[in-house]
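Below are structures written as structure tokens.
Two complexes are shown next, each including subunit A; its partner changes from subunit B in the first to subunit C in the second.
Now for the complex of A and B:
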């Protein structure tokens, strides 16, 4: 176990930095291949169900595909986005032909805390003070420890897609 | 060789897994297995899912042995050890107060918890658990860390050279390279950074008095208040996760408990902007 704080002890509080953190995890195509490795085609489709019937926020427009192997329907693939107070999450939901969840993957995560300040000035206050190895701070932010993120919006988004599927897709002619 | 990063919503938060230095498809299948394990831990240790080990315990007659999964038993045993080492400050039986305040949902249980019950009333044997008084157990303060540890172990077993598993801010880094971890304060801003190698860090933030308290002092069952963030660094994430609650509640008085687990802490107070380091002995 190795641990070294990169802030001077007893030299006073460091200025906090508000940073926008964003991570791309998977592309839509990667998530489609991972969920339906045996699919030969992904055919974009539409669902005729009004957003208001699903308590969806304005502008809600998930993209929907049918995953097929030749003529056989393997399932459905949805790409959707949810926006929380301080974050936006693009995610993908894959359902098999019976509507059971095969995969739920986050495609991209972006967050902001209002006043976005670039990280660079925050880093500067450490230069020449305590950082023996400035390389450590020059990395892009990868790891953040802190207040637990709520996945409430994402959970609601998935519930909405499951309802959309049950009401508008499951009974539609394949 | 590449960097593969994936994220899924599990355990009520976003879990991110990163694997470096492994062939992409091998890394992807290893990550799938790690996510499946985390999902299984969630099912076993959920407070509200009717099929979880905890729900079965809460439905059972007081005093009756209930057989549970080895993983649930392991987490319970560790929770009891942290409770003992912290003189009951960490106590997984504060669930009754958390239900009363609305932080946790009402469980399916035939009994009302005894207000005098504590962690001392949980008994373990080789494959089971029994509650010697009517009580409810919540492993929310420790199971997330355990899930991170299990995921890291699975990834290492499958040959991942460098990996990080981050469960909504409770994370563990494994591999030869030390990495930089940024720590948020109670406002969400990044207030500190730490370099970690083969170690875990977990952070907990106390909420203002008017909000629904997420953390309670097990000894007096009172909510822990204020805009304070406690971060604990330990060899594994289960230890770090559990000890953040002790540090939040006890501050400098938690030094002995931290030392018993070889852990160290940093406490940041948003109101004063003050940092307290090395709460560990």
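Now for the complex of A and C:
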């Protein structure tokens, strides 16, 4: 019986290859290179923090990389997803070594309504934000009329990653 | 049971969708090879199960797969299932100050929406609506399909839709959930002039550009002038609202065209406009057979700090109505040649705490559903209707972004009892999820 659960997974893997390009703006690798052009390695890491501690949906578990140039820590790179209106928005957030936002990229957006969050001027609002900023819609992040849900959920996602970074990743500099 | 299993599995796939397509190619290929072997085995099992259950129409190829290639088995449940439900609703209370006996409480609408992802690029969206609580042969309520369309992304920045779609005009028609607008009732311009919630059946292309321009253009059904009832007040309340077809056995001889542009390259600012045109005689052999509708609108919205300003102007014309109106001589409601409306609105998020906020607003609107009528032979001309001017002032209290309590007062420059126009105060409750 358990095996049946795997059916859609297999089908998904087989089908996704030819539909992903229709909704994908950027890959994780492209976003990593764009945010940290001088990085030599991206080392996957884990955060020791439960989703519940950050008001995140159960099971929330973003992927995290350390961007390094040799031994030097350049910053952090997160790949995460939030729900827009009814579909997942895949996005990536890059922070410098001090936890200040370098870039927010929308990797994949699956519904048409609200897709304006991919626009660069909207995403640029996040650059330079840190854990000390509110990072809240209609406060320091302006809305896009007609894309309110996507704007709100993506903003909440960034705020969550900033908290994750501050509470679980940011260690005292050596 | 089987369905439940599928749903869980779909959730599991969705959960991996954030994982990037090309992050780790080697691992990915190894995984795909392993999955291929499993798929072959599982296909056989599916066939076996289908034979058992007699569900031959469910094949693996049509199974929903709302995901990109998953390259690592990292659990991430912050993603969507293939099928999702949403909804909104509103309950209103209107109390005319001069005619308290006309006070009314109404479950205005309850809506269930759904979407289903066939794959990352192909979705179906639908909204089912009940108005006025009870719909039956003896009751005033309605039940309706408000939207039902299939959407297919051709590229990350454009795609195509087909089905019953909302006409992309104005600020409210496509975003009509009660949490999206200020005041208990929708504004008059976007009900009397742009007949929200206005939808037509057809095909449309949509997209947006890197410089912040969203566009939407299509071809589809239009209103049917043959439905005009010169004895009713409906045409005076909303000329297009009285002859829209809502894809209900719609007469579709004459296709209509629509197009809309919205520019939002500056965060917080939206400037846009749109137009809708088509012949509305729908090929019928009657005095209005050559009539053509043209409706255009421009709008702007600026959200900055705690402030939210918007303004909209819409104007419609219907050509070749002279002969038709002549047949309506003596009736109270001929077909207008021109109708228009505009409003300006300002709102201020005065208080905000936790998820809640209190936002007072004020709106001024002018509109005229019979601004001009076709010239008739001597003595039979219809005078233009007077322009209605309405001030609305009130407060939206958001308990959270998805639940709103509303209170407002509306001041009309001119009473019109038949249309319900007269000073009144209103209470409302709205939600969306």
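Just so it is clear, the second predicted complex is superposed on the first by the 108 of 174 C-alpha atoms of A that agree within 3 Å, B and C clash if a C-alpha of one lies under 4 Å from a C-alpha of the other, contacts with A are read in each partner's own complex, and residues count from 1 in each chain.
The working rule: a residue touches a chain if its C-beta (ideal position, glycine included) is under 8 Å from a C-beta of that chain, and two chains touch if they have at least 3 such contacts.
Since this is a predicted model, take the numbers as computed values, not measurements.
Undergrad: Taking the superposition on A as described, I'd like to know which of subunit B and subunit C A:145 touches: first, second, both or neither.
TA: both
Undergrad: Where does A:88 make contact in the superposed view: on subunit B (first), on subunit C (second), on both, or on neither?
TA: In the superposed model, A:88 contacts subunit C only, not subunit B.
Undergrad: Which chain makes contact with more of the residues of subunit A, subunit B or else subunit C?
TA: Between subunit B and subunit C, C touches the greater number of residues in subunit A.
Undergrad: Touch test for A:79: subunit B only (first), subunit C only (second), both, or neither?
TA: In the superposition, A:79 touches subunit C alone.
Undergrad: Which holds for A:105: it touches subunit B only (first), subunit C only (second), both, or neither?
TA: first
Undergrad: Once the shared chain is lined up, is A:58 touching subunit B (first), subunit C (second), both, or neither of them?
TA: second
Undergrad: A:28 in the overlay: touching subunit B, subunit C, both, or neither? Say first, second, both or neither.
TA: A:28 sits against subunit C, while subunit B stays out of touch.
Undergrad: A:50 contacts which: subunit B (first), subunit C (second), both, neither?
TA: In the superposed model, A:50 contacts neither subunit B nor subunit C.
Undergrad: Using the superposition described at the top, list the residues of subunit A that contact subunit B and also contact subunit C.
TA: Residues 1, 3-7, 9-10, 13-14, 16-17, 19, 23, 25, 86, 109, 119, 122, 139, 141-148 of subunit A touch both subunit B and subunit C.
Undergrad: Show which residues of subunit C lie in contact with subunit A when the two form their complex.
TA: Listed in rising order, the residues are 2, 5-6, 8-10, 12-15, 17-23, 31-32, 35-36, 38-39, 42, 45-46, 49, 60-61, 63-70, 72, 74-80, 84, 86, 115, 117, 119-123, 151, 153-157, 159, 161, 171, 174-175, 180, 206, 208, 210, 212, 214, 262, 264-268, 270, 301, 303-306, 349, 401.
Undergrad: Given the complex with subunit B, which residues does subunit A contribute to the contact?
TA: Going through subunit A, the ones touching subunit B are 1-7, 9-10, 13-14, 16-19, 23, 25-26, 34, 86, 89, 104-106, 109, 113, 119, 122, 133, 136-137, 139, 141-151, 154-155, 158.
Undergrad: Which residues of subunit B touch subunit A in their complex?
TA: Residues 5-9, 12-14, 16, 18, 28, 164, 166, 168-171, 173, 178-199, 201-203, 205, 229, 231, 233-235, 262, 264, 266, 273-275, 277-278.
Undergrad: Could you please specify the touching residues of subunit A with respect to subunit C in the complex?
TA: Residue list for subunit A touching subunit C: 1, 3-17, 19-20, 22-25, 27-29, 56-63, 79-83, 85-88, 90, 107-112, 115-116, 118-122, 125, 138-139, 141-148, 152.
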